[in-house]
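Each of the two complexes below includes subunit A, the first together with subunit B, the second together with subunit C.
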Partner chain A sequence: MIATIAQWRGFKAATWLGWEISSNWTRPLMFLIYSVLRPISAAFILVVMYRVISGRAPGTTDYLAFLVSGVAFWSFVQYGFAGLSNGMAEDRGEYRMLKYVYTSPVDFYLYLFGRGLAQLASAVASALIVLVVATIALSLPIDPLRVNYPLLVVGSVLALAAVIGMAMAYGFLQLQAVDAHGYGELGASVLYVISGAIFPITVLPGILATIASLSPLVYWMELIRRSLLGSHAIRMFPTLSDADVLLRLVVTTVATLLLAHLVFSWADRRARRRGLIDMESNW
Partner chain B sequence: MSHPSAVRIFLKTIVARAFPRFVGSYRNRTWIVTETLLPLIGTIAMIYVYRALHAPARYLGFVVLGGVLLAFWQNVIWAMATQFFWDRGQGNLELFAMAPTSLAAILLGMALGGAYLSLTRAVTVLIVVSVLFGVAYSTSGILPALGVFILTICALYCLGMLLASVFLFYHREAWHLADALQEPIYFLSGFYFPIRSLGAFVGGVGSLIPLTLGLDAIRQLILPGTPQFIPLHWEIVAVVGQIVLYAVLSQVSLRYLERLARQDARLILRST
Partner chain C sequence: MDIAVETRALRRVYKTRSQEVVALDGVDLRIGRGERFGVLGPNGAGKTTLIKILVTLLLPSSGAAFVDGLDVVTQFRELRHRIAMVSGGENVGFGMLKVKEQLWMFSQFYGMPSNPAKRRIAELLERLGLSDAADRRVSGLSSGMRQKMNLIRGLITNPRILFLDEPTVALDVGAARDVRDEVRRWMAEDPTRTVILTTHYMMEADELCDRVAIVNRGRIVAQGTPSELKQQVQQNAIVDIQLSPGRRLLDALREVDGVAGASVAEQDGIDRFTLLLSSDAALGGVMRIVEGSGREIRGLQKREPTLEDAFVKLVGRGMAEEEQG
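Coming up: the complex of A and B.
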């Protein structure tokens, strides 16, 4: 019982710390404004690109909804993946505290999970604002009363577990480098291309499309669109039912978490052998 | 004992500040990878968006040229505008302020080195994406486009010098502000679509950023069929005007904000 309370306290502290670091101790409102500007602009870039090509013909809102929903929920990956994986390098190099966390009684996985969860708080606000603004401005077919919330929540919880798992493993891999500045964003950019967030993965060349179909993010994007847009959703997997897509999301998430655990354990052992956890890096 | 002239010190400062960036452009492998791949992957993602929409081939060219200038904009934001902010955090800014030279010369050196560094990354993006996706350009417009490109980069780095002084005023928000100057600027400058699509008002506001008109002019020269925002010669005149405007403004702003920063002890403030 006491051990559980200690772990819970560690988790809470990690979440709070993650929030403070990601906001750089700024005022929450300022942080929110800056955080929302990027995804809203990214959504409107895609909207203009689409309008330039397709004009304002009837039926174009369905594709706009495809683009906007992808960008809005992408914040979760951007913050969760890049934020957490960079956070590990920052904890070591900039704040020089990774070794203290690592040697503390708090489970390291739990600490990282808390650190990542704080990033997701920003993502929730960002996704909500983008969806609301875009739905109103572009008359998107999103009706809050008709959203399939259970599907949305289940899909998102699974995908976010996968994102945090990938970020932990990737973050530990980054510790192998003296200077991994920008690698978190780089990893998130690669995922962006193969996630189906802004275009159907069928557009990708064969091998990339195959790799993309092994990622849980593609099925998550599909479920987001189906749950938010219902019959208006443009489907990347038209032959699959909702249950089939959910099943694929479960399978790919479990596989991703297993792989992430293996990579994490390997990188952890290597980091301990080579003394990388308390290494001085040129921040 | 004779002292070097002020002009000599000014020029030597420019060279001295540019030097680490020339050398650093090849020395730090991590930065080579991220500075090249980030704009490259972003550009490729946008190309696939147009491919999914079955857009005409020239739209791929719009994206490639946007990706090329994106490398410069990222450099201006992260290595010009925020540089004094980082320098302050590391304790260098107070040394710069005490040195017998001007901050303007240091900024010019940063701009020179930064432009070279970004050029190496931008050329990679241009070649890789053009070859991968078979983007073709009008050869007759390449030389004039190069001229416009040089003018645009000059205006852009003058804006960067202006932003550097403004960032001296920021504390903990600086990082977020720099972050917020990415996608919103990609949108306002029409990095991935013709600026004309934004209409006169938004396009006009976006034109305050030198990239907007410079990019549109370059597109008009080497991608025939680009929807014209304003006539080409007016775009060139405007970019030249921006060089003068931002150069003057940056010097005025730098002196004013440096004085205020000294008064408020912000030159030695640690806020990173």
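Coming up: the complex of A and C.
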């Protein structure tokens, strides 16, 4: 019990640190404006591009909803993955404090999770902002009273666990490199392509489509659209029921977490063997 | 002796694509609880590698190491509750945090209740003269203040064993003295506390440590109390000669009968030679070499031995020479 309380204190402090790092580069008002404008800008760039290409042709609203819902929830992956995985390299290269955190008793998983939690919280806000603004501005077929919230929440919690697992393992892999800057965003971008966020994975070339089908993020995206858009959702897996998609999400999430744990443990051991935790690196 | 740290045939090799560097080569150490133990040696001797292994940051290539009875390789999680490390000469810290915030955060990583931690931090800030800087951002601290803050981070949780890696390097005289004083005071509060200190400052090791191990090229060449080590050169006459610049003399001086060791360091345009003579009679041969070189004698003193002299006798060369390879 005492050990649990001690770890809880460490987790809270890591969360506070993550918030300070992500927010205190400017005044609170500016940070608030930035936090609102950034996701909306990113989403509307895509919307405008789509509008220009489709020319407001009839029957394009459902795909617009597909696009906006994918982009809105993608911020979970973008901020969460990059925020979590960059934390380690940032602590090592920029602040040079990783070795002190690493040799402290706080569980390293908990520290990294707390350190990246502020980014995940920003992502939740970002997703909500984009959905609300886009629904109103673009008249998307999202009815708050008809959303399947249990499916949305369960799917999102599972996907979040998968993203956190992937990001932690990827973060430790980043430590193997001397120049680690930007790798977090790179990883998030790769996931973006194979997650079905902006187009169905069926349009991907064969091998990429196969890889994408092993990712929990694809099934999460599918569940988000089904729960938000109901019958208006363009389905990537039309032959699968909601329960089937959820089952696939569970299986791929468990597999991802197991794989992430193995990679994390291997990379942790390798980092200690090669002296990477306090290695001089470029950030 | 109640053992705080023990290493057995500890070896660490760094491998790159082109070469292997042996940083530690069969180090055997036994450090008692309550000791202030110094690891003394030139830069590159393996001191920091030893500390990194003991604080669970680095795995040894072979051999074993135990800290507070725990294996650093397999029991590292439990061990981390009992130790803390402070390194010197680093420009580190979460720059956007205030000094008291960074210290509080680390107290939380060690699981301390928040209010006692804040009281402890205030007490240590006061003791190290940093109270006025408590609300300043870490990024705005001078190197001396930052190092004091780092020391406080190591002391907040009262670890059973504190590792200090070159804690006063690059500090001015006053800040270095404050750091040493605080280490002494912290040790005096509880006789079971242990400090392992690496340094290449002979005076610091002499002044601060109960026992010292002299490390060179990954090996321990001698260990004992500072006076025991100095006794190794007690039978020698120690002579310092300051000469004007000129042609290289060191090798010739080492060849003189009765010269047990010699080193040189350049300072303010003057070459300062230290000679260990097996008897005063050897001075005649030395003076003949000096006169033959045409270099002007700026000073000559006979003095009591220091740890630097012990190092020269044990290794055959001075620390500065070892650092230059």
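What to note about this one:
The criterion applied here is as follows: the second predicted complex is superposed on the first by the 270 of 283 C-alpha atoms of A that agree within 3 Å, B and C clash if a C-alpha of one lies under 4 Å from a C-alpha of the other, contacts with A are read in each partner's own complex, and residues count from 1 in each chain.
Methods note: a residue touches a chain if its C-beta (ideal position, glycine included) is under 8 Å from a C-beta of that chain, and two chains touch if they have at least 3 such contacts.
The structure displayed is predicted, hence computed values, not measured ones.
With subunit A as the common reference for superposition, the partners subunit B and subunit C occupy compatible, non-clashing space.
Legend: residue contacts after superposition of the two complexes on their common chain; A:A137 is shown touching neither subunit B nor subunit C.
In the superposition on chain A, A:Y183 contacts subunit B only, with no contact to subunit C. By the touch criterion defined above, A:M30 lies against subunit B but remains apart from subunit C after alignment on the C-alpha atoms of chain A. Contact with subunit B, but none with subunit C, is seen for A:R38 once the two complexes are overlaid on the shared chain. Of note, the Cα-centre angle with subunit A at its vertex and subunit B and subunit C at its ends comes out at 80 degrees, rounded to the nearest 10. Applying the stated contact rule after C-alpha superposition, one finds that A:L258 touches neither subunit B nor subunit C. When both complexes are overlaid on chain A, the residue A:P200 reaches subunit B alone and has no touch with subunit C.
When both complexes are overlaid on chain A, the residue A:L247 reaches neither subunit B nor subunit C. In the superposition on chain A, contact of A:V52 is made with subunit B only, not with subunit C. Superposition on chain A leaves subunit B and subunit C with their closest Cα atoms 7 Å from each other. When the two complexes are laid over each other on chain A, subunit A has residues 24-25 in contact with both subunit B and subunit C. Interface residues of subunit B facing subunit A in the complex, by the touch rule stated above, are 28, 30-31, 33-35, 37-38, 41-42, 44-46, 48-55, 59, 172-173, 175-177, 179-180, 182-184, 186-187, 191-194, 197-198.
Contacts from subunit C toward subunit A in the complex involve residues 14, 52, 55-59, 77, 80-81, 83, 85, 90-97, 101, 104-106, 108-114, 153.
Those residues of subunit A that touch subunit C in the complex are listed here as 3, 5-7, 9-10, 12-14, 16-17, 20-21, 24-25, 95-97, 99-106, 111, 269, 272-273, 275, 277-278. The touching residues of subunit A, counted against subunit B in their complex, run 23-26, 30-31, 33-35, 37-39, 41-42, 44-46, 48-54, 177, 179-183, 185-186, 189-190, 192-193, 198-200, 203-204.
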